[in-house]
Amino acid sequence: MLNRISTYFYQRPKLVLAIFLTPPLLYMVVVYLGSLFSLLINSFFAIDDFTGMVIREFTLKTYLQIFTPANREIFMRTATMAFLVTIVDALIAFPLAYYIAKFASPKLKTWLLIAVTIPLWSSYLVRVYAWKLILAKEGILSWFINLFHLTGALDWLLSLPGIGGSSLSLSPIGMFIVFVYIWLPYMIIPIQTALERVPGSLLEASSDLGAKPSQTFRTVILPLAFPGVVAGSIFTFSLTLGDFIVPLTLGNSKFFIGQAVYSYQGTGGNIPLAAAMTMGPVVIMVVYLLIARRLGAFDAL
Amino acid sequence: MPSSSSSTRPRATWGLTLAALGTLLFLHVPMWIIFLYTLTPDETTYTFPLPGFTTKWFGVALQRADLWRALTLSFQVASIATVAALILGTLAAAAVYRSNFFGRESISFLLVLPIALPGIVTGIALRTAIGGLDIPFSFWTIVIGHATFCVVVVYNNVLARFRRTSATMIEASMDLGANSFQTFRYVVLPNIATALLAGGMLAFALSFDEVIVTTFTAGQQTTLPIWIFSQLSRPRDRPVTNVVATIVILITFLPIFFAQKISADASDTEGETK
Amino acid sequence: MNNPSAPAIRFEKVSRHFGDVKAVDQVDLEIGDGEFFSMLGPSGSGKTTCLRMIAGFDRPTSGSIHLYGKEVSSLPPYDRDVNTVFQDYALFPHMNVGDNIAYGLMVKKVAKEERQKRVDEMLELVQLSGFAGRKPSQLSGGQRQRVALARALINHPKVLLLDEPLGALDLKLRQQMQIELKSIQKRVGITFIFVTHDQEEAITMSDRIAVFSQGRIEQIGSPSDIYERPASAFVAGFVGTSNLVSGEVAKRIIGSDQTFSIRPEKIRLGSANDKPAADMLSLDGIIRDVVYLGLYTRYLVEVDGSVDLVVIEQNLKTTSMDVLSAKGQKVRLSWHKDHMSRLGG
């Protein structure tokens, strides 16, 4: 009996393919793409200013609200943060990625990769929470700063307008540190992958041709690692752009995109504005992905 | 990996080694600090050095019914989302592996989209859709949300394993008289089992920790991450939060660790069997 | 349904197209019971596709395949009395050698004791007794090869298909396995269909050979037929090396301007004033190039100022010094007229 069912399917490979493909495709298209589509639709609705109800009629009114100075500032602030986080993550990630790819023994490499991926998968929330403890006014970092008599420098830093705050745990500087920490593994892995693909013979060829180690590094390793940096930046940039946990936890009244979306739809109840607001990160990411593909970053993913 | 490479492998400079070590510590030390703080007797601040040591907060946390409810809910959500992801992800991987149909690339792209786009996009999109259809927010809306981004984890793991497995093995099995079902049971399943395990464990960890999408798809339900999140912005139970954070690290650490170990071992033995 | 007097395999106008590519094009073929049959050709010539259609991994676009008189074209692999030894062996890495070999019996639900007995027999046949507990990853290439063979033979198939099974082995081991395969085939007495791109391998082992090119069979025949009387320029060139003469030169030698082939080793190299015997053909030339190859020497001889003929002579007495000094000498080439075979005839 089973043999006959098996034969029936064996002779119809296209039917089998359809059976395999239908459930996941149906789920992703209906649930996920459907939701994205409804988000898009909602961004073209507007809210009635008096009743607070959503008017289901096509309008571009909501999109115009995005370009109010306050919202423009939110976009600028978020994009700047995402950009800086990406740059610093790339700088911090490189040495470790380079070490894992080119210097670690196979056994050490396995363990180092596990050590990098564990934070990547483990609780993002708990990792944010850890910094709440570390950055607290009375916390461990202040204690060390005090130990090295640097309290004055910290106070000066915190007094700077725009990036300062009452303490590290309530300031853009603190947010920056936490973002850098949280997304760092997403940068290490793609760079390591890209460097891994640089064949050892290429490095030997370079030094064989008379390049000093520093020249080899600049002319061979860095250009070849670049697609990895771009691939990693897709994550660090996108994740920073959409995050609202870190701003809510360590930020002040100056909103970031995620935070704004969260509060518009939550306390504000303005779903159309929240929807239009998220289209910002979506568009930025789509453009970013297109550029990244041009730069060959997808091979390093 | 050839062992001969160890002799030709260049040595890292001290600067590079130190920088690499520093990054590694930067990644891990903050989590250890939470462990330390579970022992503080201080209820209202994060004073360092700790004013003393106590283990009483573990007992206090164990007594909290709201925590147990949140923990149970997170377990249930993660379990069901993982099962859904295992089924959908494996089917998609099998389809993509089996045949060269038009639009293969789009499948991968569609599956990876929920984790490539910022979580808030997925979250608010689901919220508008669910709200627009007048479906009440519930346990199941959380699960549906989590499944969307867990599928890709299983898919990637299983597809990678399929690609490592010799394609002729399935043909060999049928050639020797096994029908499709027997081939699946005796050849395919044993070969992808560890990939399923790894993918499933990662999906579980991902769902168990998820907070961004969950805040948009949950109604009155409080998962463990949502409980922690409420403590982040308005800390009331600092010592208990420390204990909960520690528990979350421990619960997710083992599956993640084993999943990574399985994947690493699988790619190690690849060279031997070929 | 099965007819023991029918040929083991019969192809009737079998074609397999992949899009616009005609991988197999209108092939007719009969393979006899108990034959050691080789499908020889370059990669992409259609030989492997033919094998896969016999096994059931692929189905003909048109035409039909018969196994002992029974049409099997659309049967799945598990419903055909045919087993395969794969190029990459395709051993199951999660099973030990014993379980790999017993797989065919296991899925047919043969009792455990019976399985054990037959696995032991098979291990003995391929000289691997005592290896049942090992994992495939602990075996050498040659040993994996034998396990794959034992696993394919345990079901007592009517036909055994071998898809370039020796390709991954080194030369010494390959030569040893060639002899062993042949002797195993004699012992078990079943039809072997052997796919290879190695002409020497095909000639050593086969009862008959089919030479494939571009989805078609160029020639079917015994190894000596194929070698001595190639049917086309392709066969003459693919199986060994060959000198082709046609047009004016051919007319002058043999009085016909059709295309002929002469194997290099059939040509004798004599001094310019040698008198050929009555049944010999001859031609004058100049040695243009000499390659010393140890066992023999290859000469390139220019005849008629235009055509180059390759001549091979065994180094019976000569040394490398002797042969290399032959460059530029005038010579008279001669060969028996039976050795000049007309293509397509």
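By written order: A, B and C. Residues from 1 in each chain.
What we mean here is this: a residue touches a chain if its C-beta (ideal position, glycine included) is under 8 Å from a C-beta of that chain, and two chains touch if they have at least 3 such contacts.
Predicted model, so just to flag it, every value in this text is computed and none were measured.
Visitor: Report which interface contains more C-beta contacts, comparing B-C against A-C.
Guide: B-C
Visitor: Among the chains, which one keeps its Cα centre farthest from the Cα centre of chain A?
Guide: Computed centres place C farthest from chain A.
Visitor: Would you mind checking which chain's mean C-alpha position lies nearest the centre of all protein C-alpha atoms?
Guide: B
Visitor: Centroid of chain A to centroid of chain B, CA atoms only: how many Å?
Guide: 17
Visitor: Centroid of chain B to centroid of chain C, CA atoms only: how many Å?
Guide: The separation of the two C-alpha centroids amounts to 53 Å.
Visitor: Can you give the whole-Å distance between the Cα centres of chain A and chain C?
Guide: 58
Visitor: Give me the residues of chain C that touch two or more other chains.
Guide: Correct list: 76, 78.
Visitor: Note the residues in chain A that touch 2 or more other chains, in rising order.
Guide: Only 3, 6-7, 10 qualify.
Visitor: Touching at least two other chains at once: which residues of chain B meet that condition?
Guide: If we look for residues of chain B contacting two or more partner chains, we find 179.
Visitor: Within their complex, state which residues of chain B touch chain A.
Guide: 1, 3, 5-6, 8-12, 16-17, 19-20, 23-24, 26-28, 30-31, 33-34, 37, 45-49, 87-89, 91-92, 94-95, 98-99, 101, 107, 110-111, 113-114, 116-122, 124-132, 144, 147-148, 151, 155, 179-181, 202, 205-206, 208-209, 211-212, 215-216, 225, 228-229, 232-233, 241-242, 245, 248-249, 252-253, 256-257, 259-261, 264, 268
Visitor: Going by the contact rule at the top, pick out the chain A residues touching chain B in the complex.
Guide: Against chain B, the touching part of chain A is residues 2-3, 5-7, 9-10, 13, 16-17, 20-21, 23-25, 27-29, 31-36, 38-39, 42, 92-93, 95-96, 98-100, 102-103, 105-106, 110, 112-119, 121-134, 136, 138-140, 142-143, 181, 184-185, 188, 200, 203, 234, 238-239, 241-245, 248-249, 257-258, 261-262, 265, 271, 274-275, 278, 281-282, 285, 289.
Visitor: Which of the residues in chain C come into contact with chain B in the complex?
Guide: Per the touch definition, chain C meets chain B at residues 55-57, 76-78, 82-84, 86-88, 90-94, 103-104, 106-108, 136-137, 151-152, 155.
Visitor: So in the complex, which bits of chain B are touching chain C?
Guide: 166, 168-169, 171-179, 182, 186-187, 190-191, 269, 272-274
Visitor: Considering the complex alone, what residue numbers of chain A touch chain C?
Guide: 3, 6-7, 10-11
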